[in-house]
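Following this message is one structure expressed as structure tokens.
Note that the chains take the letters A, B, C, D, E, F, G, H, I, J, K and L in the order they are written out, and that residue 1 is the start of every chain.
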Amino acid sequence: MTQPIYVLNGPNLNLLGTREPEIYGADTLDDIKARMEAASPSRPIEFRQTNSEGELVDWVQEASSATDILILNAGAYTHTSVALHDALRSCDARIIEVHISNPAAREAFRHTNYVSPCAAATIAGFGPQGYLMALEAALQMKD
Amino acid sequence: MTQPIYVLNGPNLNLLGTREPEIYGADTLDDIKARMEAASPSRPIEFRQTNSEGELVDWVQEASSATDILILNAGAYTHTSVALHDALRSCDARIIEVHISNPAAREAFRHTNYVSPCAAATIAGFGPQGYLMALEAALQMKD
Amino acid sequence: MTQPIYVLNGPNLNLLGTREPEIYGADTLDDIKARMEAASPSRPIEFRQTNSEGELVDWVQEASSATDILILNAGAYTHTSVALHDALRSCDARIIEVHISNPAAREAFRHTNYVSPCAAATIAGFGPQGYLMALEAALQMKD
Amino acid sequence: MTQPIYVLNGPNLNLLGTREPEIYGADTLDDIKARMEAASPSRPIEFRQTNSEGELVDWVQEASSATDILILNAGAYTHTSVALHDALRSCDARIIEVHISNPAAREAFRHTNYVSPCAAATIAGFGPQGYLMALEAALQMKD
Amino acid sequence: MTQPIYVLNGPNLNLLGTREPEIYGADTLDDIKARMEAASPSRPIEFRQTNSEGELVDWVQEASSATDILILNAGAYTHTSVALHDALRSCDARIIEVHISNPAAREAFRHTNYVSPCAAATIAGFGPQGYLMALEAALQMKD
Amino acid sequence: MTQPIYVLNGPNLNLLGTREPEIYGADTLDDIKARMEAASPSRPIEFRQTNSEGELVDWVQEASSATDILILNAGAYTHTSVALHDALRSCDARIIEVHISNPAAREAFRHTNYVSPCAAATIAGFGPQGYLMALEAALQMKD
Amino acid sequence: MTQPIYVLNGPNLNLLGTREPEIYGADTLDDIKARMEAASPSRPIEFRQTNSEGELVDWVQEASSATDILILNAGAYTHTSVALHDALRSCDARIIEVHISNPAAREAFRHTNYVSPCAAATIAGFGPQGYLMALEAALQMKD
Amino acid sequence: MTQPIYVLNGPNLNLLGTREPEIYGADTLDDIKARMEAASPSRPIEFRQTNSEGELVDWVQEASSATDILILNAGAYTHTSVALHDALRSCDARIIEVHISNPAAREAFRHTNYVSPCAAATIAGFGPQGYLMALEAALQMKD
Amino acid sequence: MTQPIYVLNGPNLNLLGTREPEIYGADTLDDIKARMEAASPSRPIEFRQTNSEGELVDWVQEASSATDILILNAGAYTHTSVALHDALRSCDARIIEVHISNPAAREAFRHTNYVSPCAAATIAGFGPQGYLMALEAALQMKD
Amino acid sequence: MTQPIYVLNGPNLNLLGTREPEIYGADTLDDIKARMEAASPSRPIEFRQTNSEGELVDWVQEASSATDILILNAGAYTHTSVALHDALRSCDARIIEVHISNPAAREAFRHTNYVSPCAAATIAGFGPQGYLMALEAALQMKD
Amino acid sequence: MTQPIYVLNGPNLNLLGTREPEIYGADTLDDIKARMEAASPSRPIEFRQTNSEGELVDWVQEASSATDILILNAGAYTHTSVALHDALRSCDARIIEVHISNPAAREAFRHTNYVSPCAAATIAGFGPQGYLMALEAALQMKD
Amino acid sequence: MTQPIYVLNGPNLNLLGTREPEIYGADTLDDIKARMEAASPSRPIEFRQTNSEGELVDWVQEASSATDILILNAGAYTHTSVALHDALRSCDARIIEVHISNPAAREAFRHTNYVSPCAAATIAGFGPQGYLMALEAALQMKD
């Protein structure tokens, strides 16, 4: 049976497309989900967003047994969550980290990163396109 | 139609009035809510408390479209939550930060503050009275 | 009436026994719960786990009025949660901190500890056995 | 005999209303003094400004025996003056700290604060209105 | 006339494919160049490598007038070169940063990054494939 | 032949029971030794105390060949002694760290810990009872 | 009417020429003033020195409306005075910072500098000649 | 002609004897001056206090030519004044630093000390008696 | 024989006049060279620019035996090059440091300065005019 | 019965008088002991020196029951010994800290001080005379 | 065929013997080369010096395939070059680090060392003799 | 009369040859002593080891008058002992520091070094051979 590809989004990403579109673009998370589904005809996309650190940890644990590919944009929890770090360390899926903008070019408190040490690879600054790049790269590696 | 004024409270503030009343006073959050409603006859008060960082982020997002005034006592998340910081940065309401006591006079880990950079103004150390001061100032600015 | 003993577990501890058993042992949280119940015939064990910081704060608040003994393994929230710290400071129960492994021998970001300053005592590195040691010590102190 | 309420202002606050009015508003210190006097019919306002750290220390010492309420906007000395800190620690009056803007949202060197640990309460970011809020709160506490 | 796409590589990348292939893969820089040329039929690839910080600065200056797309893997100079940072800040081309492995998961001295603040986007950890992802994304944006 | 269990105590622990008994309890080191001997009928207890860093290093070296269980309360040398750290790293015995009170709740200079990285497990804050807990746990592990 | 050029000197500069002349030269402040007057026939020189931080702030405020050129050697207040920083930020005159010796080559506490971020330009290490260089450059820019 | 001995006191020392006498003793500065005069029959005591950093710098400069012995309790300026540091470095008198209490046992911001590096010797924690000890030691060295 | 005056320029200064002329002015390095030659009729100007740290070190070594005056704008190597620092320390020429803008008013990583401790004097923020000021001051000192 | 006054000296103080006499004076520890005995006719002086941290801890413990006055020059252990700190905290005698020279004017690693927080008073920089000043002050306080 | 022994020297070492001979000795690099050749009759010495970081990286890469022994005095690049660090990590030769003087006794910025973690051994402070010691030790290990 | 050469060893070096021989080699301290005696026919070797900081200080003091050559491997006291630092500063012998392995490649707490600033030279990472290299170099310098 075909495993879905997990795409998990952290806090405030539900605002995407509705706030500062000149910076972040006009794509909403739904748009991104649709584009990913179109780009992955053979495998379903399990696409979710939450503002809760605990729920994000729950989902990463779930992904560990449900998929071999986890695309993760953890938003602000990237910079503060050791709990997420621990969940990712125990996760068997290949983890690809995505960021809409480039955290390295922002405030100092965004330079702490608890996701990258657990991720195989990172894509940052490509806007919504970064999700599709992650998907394509993951499919090439895995399929 | 009249928008409500949002008053959001973070972790452990539900204990107000029941713990160390000699320091924090005997007022409970319900007492504060009642006093704020009495002081705001023309606009309802949307008054909530949560111990969950994610729920606080949800509510700040909701407040952005539902009100023009957000009075926020984020409790300990003031000092640790970049997710809250991001939600506040995207919030269109005027944000007034309230603290029961004065964080600047407490432990060093309370000197990091992710709320103040997003808030128009701050009131700290006036106890429960601080909520009413925030309300009154907000009404003067906005009405 | 006999109060239960609270045993609260933080993020990722639900994975215990299923991941890296050569390090953490093969005991699951259910096994630990069963062994604690066997070791405490006279008092029930209120045993829970959550990945949510907010829910952990809720439970600590609940424990304050429901028990005189709180055994807490806060997992990663040990190192990041000021909200948990504040809840523990307001908690009337005697708090005993447990860790499966020894955080002092791990990464630097695990050396920040918001639980220990509120705990009467700490047990770390004994694996699942640490829970039983905490229980036994608590019963000797309290019964 | 009625004690005056002391309102002490530190360096550069004499420029208020004349510089960057779009940020700080058009009120001068004289305007603020007049509004405070109007709001305090029963007690005189002892309202002063100085650019000198030593004079500010002199006045805080004087206030200790001359009043029970000290409203203080120490300007830049908030962030550098241990001498002011020591004077405030020895001062018997109730001290309320006021800032026109919100120092927590400005440069890192404004995050050091030698006034807050000695103040009962703080109001920041309300512009000149903050003085009146401080006065009203002080009168409610004291009268 | 068609501008070439610049692909600049910093110190030690000439060793790629010859050292620790189990980590970095067996692709050499020549292989990567060939794959990029195959993937960009309409535009030539100006592909270079140097161990010299000064030469890398020379080339970035040259790229500013010769191309609209600069793909840059600055290697260790990413972490130490303010000169490179200044050249990139003056460069009119769109800059995409590539890293073979993920610097965020390595030593602390690799967490300082003088390239990212000047780059539009970053790809890290995909191995040689990252160059092709950068190329494809750049062509989609620009063509 | 039965190996003794080593119990080594560092500086100032000889004052136990004679200073601030309301905090540290009335038990002296002799009392603790007697209780440990009672609790370990099958194996002798080699129980010592010293104020000398060098002597503590000597004893740890001796323990390496003389026992399989070392219970160590290194007192203040926990926080300053790299020499002790090196001796413990070379020691073949299973090391259990004990502290009367909880160093994590005390001054910042007690947060540096050169013993924990070498210890299998740590017990802190249980007062003299911690020695017996360590003994019992060690016997269960080893016998 | 011709505006004077302000030349303000901070603490201990009144000792110039009388202490360690082998290092600082034999010129006194009076000598410097005389040489500046000779070099500025068309505009008077308003030349002052004070050891008081508050008085220096007073003078900078005065200079803002009285001149378009402020040459400032703030001495030690360069390194400690946020009050001076705020006054300079509000000052409309073009500010040129002068130092007799080179602070960058001295103690670490002289590397904090609250004047430079407000100054158009800096001259350091030329001894008393630096004042004349500043004057000449200022006249060329302004006249 | 006999030079006076300079005894200079910094901010808030004029409060001595009137605040927290159980800590600082009941002696006022006048009492201390009288006791020093009694202990120095052959040389007058030039005894002063100021809350102003600038005035303290003025007096240290004056002392350099007026005396060979300067006893200095700079109070809070000890910890913040580089201007005072520079004046002391240029001062020819033998400088003896006095503190009523022991700054090393107080807050971290009192551990920065700009006076000690310029002083020949320091006396701290002896209360008002420290002034007499400084005087006696100075007379023995100098007479 | 007349020695030339060395004027050495570091990385990215070859872009002067072509990038952001509203900030840095329209003068190119060639313009500056021409103006310096006009201002120094009696001594030739040895004027060079390089992006290479090693070449800059070579030239400083050469200058040590070829001239008595070295005017140096090391650009970004000012902040990172210990090699340059060592070459300057061994250089017999009088070194005058020039910067187009004022590094003290820019990013924190520009506050580290390896040139100033070796330079006799510094001129910053005067734009291209700073080179001529340095030349004039050098000629006055040396001729 | 008359208690002796304890005078304890730490590492390298046995070299006093034999090394760098132009700095430390020609007095040996024996000379100091003799002068202290002459100055204390009514009470014996228990005068010792050791290079061992552990022995110094032993002696401080002994002093706690044997005397009411402890004059301590802990030498380098002042800056590194938490064990000494703990012994002093448990010591009932009044502790007076003495240093031959002024640690505040020396290397940064001598600015950490574990003795001062436990000492009633400190004398530094008076050379051997400091011991006699400490003795005299102690006798005045105690007799 | 006999491989040469590589001896690579970094910036400013070409000045050896010509600057401060009382500190560094009168030996030039040529003298050192000659003495090494005399001491290594059976294997040629490949002896080079460069001021360029990039060239040093080139040579380390070359050495990796050309020799089994690399003696390296990287001069200032020891303290700043991550590029050199990466080249050394990839180098198969046995690396012996040499310094003329002892960096540990010099400025703080020389305490960062990117060479030592990649070197088998280090010799510092023996002057030019250190090269011969390194050679002799290398020959003993390898021949 | 011929002075012996002092070779002093600090904590845990008595374990040499018995622990992790694959890293540290199979040579014991006795083997090293024998090899040094063989290599120094004309001068005796005073070879000692201690785990005690105080004893090491004693021996360094003794060496100061007994020898002109001190070879010192201070082990862990290298990184923590200011007392040893002070003894070495007073020691007249030429001091050569030896380490079996390379501390610069180990944990951060081994990067603090109190011996190197007092040593003429350092040899690290050559294993037991380092002692012989130190001896040979010392004899060449001194004989």
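Everything that follows uses one rule, which is that contacts are C-beta pairs under 8 Å (C-beta built on N, C-alpha and C of every residue); 3 or more make two chains touch, one makes a residue touch a chain.
On a predicted model such as this, the values are computed, not experimentally measured, just so you know.
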Q: Figure out the least number of contact steps between chain F and chain G, where 1 means they touch directly.
A: 3
Q.
I'd like to know which pair from A-B, G-I or C-F copies the G-H interface, where a copy means over half of the contact pairs are the same by residue number.
A. A-B
Q: Return the distance between the CA-based centres of chain A and chain L, expressed in whole Å.
A: 55
**Q.** Rounded Å distance between chain B and chain D, as computed from the means of their C-alpha atoms
**A.** 24
Q | Separation of mean Cα positions, chain I and chain D [Å, integer] | A | 49
Q.
Centroid of chain F to centroid of chain I, CA atoms only: how many Å?
A. 63
Q. Which chain K residues touch at least two other chains?
A. 52-55, 80
Q) What residues of chain G sit close enough to touch chain H in their complex? A) 10-12, 14-15, 19-20, 50-55, 75-77, 79-80, 109-110
Q. What part of chain G is in contact with chain D in the complex they form?
A. 52-55, 57-58, 61, 80-83, 85-87, 90, 114
(Q) Under the stated contact criterion, what part of chain I meets chain G in this complex? (A) 102, 104-105, 111, 113, 116-126, 129-130, 133, 136-137, 140
